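Each in structure tokens, the structures are laid out below.
Both of the next two complexes hold chain A, though its partner changes from chain B to chain C.
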Partner chain A sequence: MQKLPQVALVAVAIGCGLLAGASTAQSNNQSGDATIKEIEKYRQALGDGNPAELWEARGEDLWKKKRGPKNASLEQCDIGVGVGKVKGAYAVLPKYFEDTDKVEDLESRLVTCMVMLQGFSYADAKKNPFGSPERKADMEALVAYVTAESRGMKMNVAGNHPKEKEAYEIGKKMFFHRGGPHDFGCVTCHGADNQRIRLQDLPNLTKKEPAQRAYTSWPAYRVSQGEVRSFQWRLFDCFRQQRFPELDFTSQGSVALTMYLAKNANGGVLSAPSIKR
Partner chain B sequence: MADPMKIRANMMGDKVVVKVLMAHEMETGQRKDSAGKTIPAWFIQNVTATHNGKTVLSAQWGPAVSKNPFLEFRFSGGKAGEKVIVTWTDNKGDKRTDEATIA
Partner chain C sequence: MKKLHFATLFAGISVALIAPGAIAQKAAPSNADAVMKASFKDRGQAKVDRLDQDETQRLCSQYPEKRPKDVANKIEKLNLALVKYPSDGKLLGDWKEGEKIAQSGVGKQFSDNPANPSGGNCYACHQLSKEEISFGNIGPSLYNFGKLRGNTEAIQKYTYGKIYNAQAYSACSNMPRFGHNSILTAEQIKHVTALLLDPNSPVNK
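Then we have the complex of A and B:
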């Protein structure tokens, strides 16, 4: 009779120990998950009033407005899914275009259309690509409009044309190439899990899922800058942060790197223009 | 002329939920430009929302409100198909009025 309670006590003690052990392990995991969930909630709350919508509206007006020396709108522009079609275009870019015999991303294609349809000079079409409070950029508004029209669609970059394959390979080389005063490359920050710059998580772009999530959330409204930023801006700023020579807007290299990152994001669902801190 | 607002108004139960996105610099007057000169304050001062000629929201804002502000509010007495009109006035006297149909 006296032994029984003792046995029971031991059993209880072991049970507690196991439970306690399990619960600390779990709480460590949970606090990490909980933080991510809370950040996700914050992002959703922000997304409700995403100012990118203001850029989308301005971009739609710009798309339809007759501008330039030829007084034409961009509505006759083929940005990847046929003349005058906007819906779904961002999901197939970058893409090879026969009329220019080049692989073009959204921004370079818009520059092409501004030159060919609206009669702007090449230099005029690609100047002021990134906006500031003093000077809004038409390019970012157009980009916001076009990408918003592909929201919810799956990335589907073909990449079968020889020139598309070539661009992909060049982009891949650029991604892994290290150089500059800090011996930096894209891969330095984006080639491993759990990397951060200050408090920002950096996606591991060599893995499918993070690569999809990262690419499909650009362009984005940056709260800290009060502007919608295009993918060309993202690459431009990454190059600046690596102390590389300035990445020329819509240059062959920038398009090739976009090709590499876009194709790796195939299957990911576009949520752009999104909102970021 | 200021850029248009983006207004959404939806019925939720017996209340109307209005979500307004405004395009405005909302300059505080505290910041300096690259030349070191103070950037003058420029912000929305008054926001009013009306429904059937009746004011359902009246707000006085200051420079602490963010750039491109987002405002959400609800009121009762509205029906689908009716209009909500939102107006803002900034400290330079610039004004913008937009409307939305309740869905």
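Then we have the complex of A and C:
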């Protein structure tokens, strides 16, 4: 628990950083350059202390703890690189798993193992996927732990199995699917270079380099929410902004869209859980 | 509270697609639509039927970048026929109300209360006035729009029609069809039209 004081310091730094960022934006008029530099600065200051560490540590405990009706840990779970292995798993997900005959991303695979190994009901394993300060989500802690174990590794999604190929194509179709009252699709906000909504930069996810940068930085500790957010959350919230209905957590479509984005990010170096505004 | 603020901040949005060639989407697996639909649940005002596409949405998804001329013409023609002008014939409202509508990004998300009026969130994508420096760039700058275009009946008609249904003039625009899709009421569109055209509006200062 040596880590704690560092995290507290970081929280203070974030507070200041945000204020500084805001006032810079005001005085700097249209160009966001100074703001971006300011954010870079506090990112660097945070480099060696990300509050996500707390989620990672809690996730590791949850991974190793005997839980559920079968009183078992998750240590016998195969999340992509073999039974009991965590290191490097996130870099190869989503992936086809024979035991379920499905393509699964990290979150859906964790649900599978909670059901198969620990004996939770499917509904119980899926509930409360996104936490709040009052009610932390075990899922986000597990996700933080597993993804941290792939930090520094290159994304390497195979995508050769017929079901993986199918998932990729479905995900791609979802990305370009425009609908709802605003006629939005992912492509509306993430289909061109150097776009901004208000002052918020929007990565072009149809291009390799920005797609890599975006994907490899999730999950992330969101300063504005005080929570670690998973990739499933990122999709859930972008669909909300798209004026679509609620993306069902770990649904086939959510995994397919993740497959499309993850495969496009191949070769990018994972930095998650990162820290974001 | 935090969450709500976040929602408002990012409520608006989108993008101009510039890409070479009339590229159609490769055929997706035949079950793609069914998978997509089964992957969402109704929440608040956002029901799963929002995934269903009208012909415009279908064609724009099929040709996300450039599209054949005949497809673009078809989309514009179809949408032009859908523009409805107000029955009282007046196209200009109050620019001060228009400014509020242009600033507001609420509306139509499952996290929004449908009892409240929606905003237009024009600043999410456009520069409009000199005072507001927090604006996006998905659409072109509209600063001095009225000063440059004038305030003739024809311009009023174009501006109202453009906001009512952007695709009447530009197939597959990333701009929402505010009137056609009932995001804004005729009254609200009049206010925003005034924001763009009224000589006293900050847009034209």
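Rule of thumb we're sticking to: the second predicted complex is superposed on the first by the 238 of 277 C-alpha atoms of A that agree within 3 Å, B and C clash if a C-alpha of one lies under 4 Å from a C-alpha of the other, contacts with A are read in each partner's own complex, and residues count from 1 in each chain.
Assume a contact is a pair of C-beta atoms (placed from the backbone, for glycine too) under 8 Å apart; a residue touches a chain by one contact, two chains touch by 3 or more.
Keep in mind that this is a model prediction, so the values were computed, not measured.
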{"item": "Partner chain(s) touched by A:Ala91 [first = chain B, second = chain C, both, neither]", "value": "neither"}
{"item": "Chain B versus chain C as contact partner of A:Val187, first or second or both or neither", "value": "second"}
{"item": "Contacts of A:Ala57 with chain B and chain C, given as first, second, both or neither", "value": "first"}
{"item": "Contacts of A:Leu270 with chain B and chain C, given as first, second, both or neither", "value": "neither"}
{"item": "First, second, both or neither for A:Val228, with chain B first and chain C second", "value": "neither"}
{"item": "Per-residue touch tally on chain A - higher for chain B or for chain C", "value": "C"}
{"item": "Which of chain B and chain C A:Lys172 touches, first, second, both or neither", "value": "second"}
{"item": "Chain B versus chain C as contact partner of A:Gly49, first or second or both or neither", "value": "first"}
{"item": "First, second, both or neither for A:Leu247, with chain B first and chain C second", "value": "second"}
{"item": "Those residues of chain A which chain B touches in one complex and chain C touches in the other", "value": "226"}
{"item": "Complex contacts: residues of chain B adjacent to chain A", "value": "3-4, 6, 19, 21, 23, 25, 67-68, 70, 72"}
{"item": "Footprint of chain A on chain C - complex, ascending", "value": "2-3, 6-7, 9-18, 25-26, 28-29, 31-32, 35-36, 38-43, 46-48, 50-53, 56-57, 60-61, 64, 108-111, 123-125, 133-138, 167, 174, 176-177, 181-183"}
{"item": "Residues of chain A defined as touching chain B within the complex", "value": "48-51, 53-54, 57-58, 133, 226"}
{"item": "Complex contact set, residues of chain A against chain C", "value": "25-26, 29-30, 166, 169-170, 172-174, 176-185, 187-192, 194-200, 202, 224-226, 239-241, 243-248, 251-254, 256"}
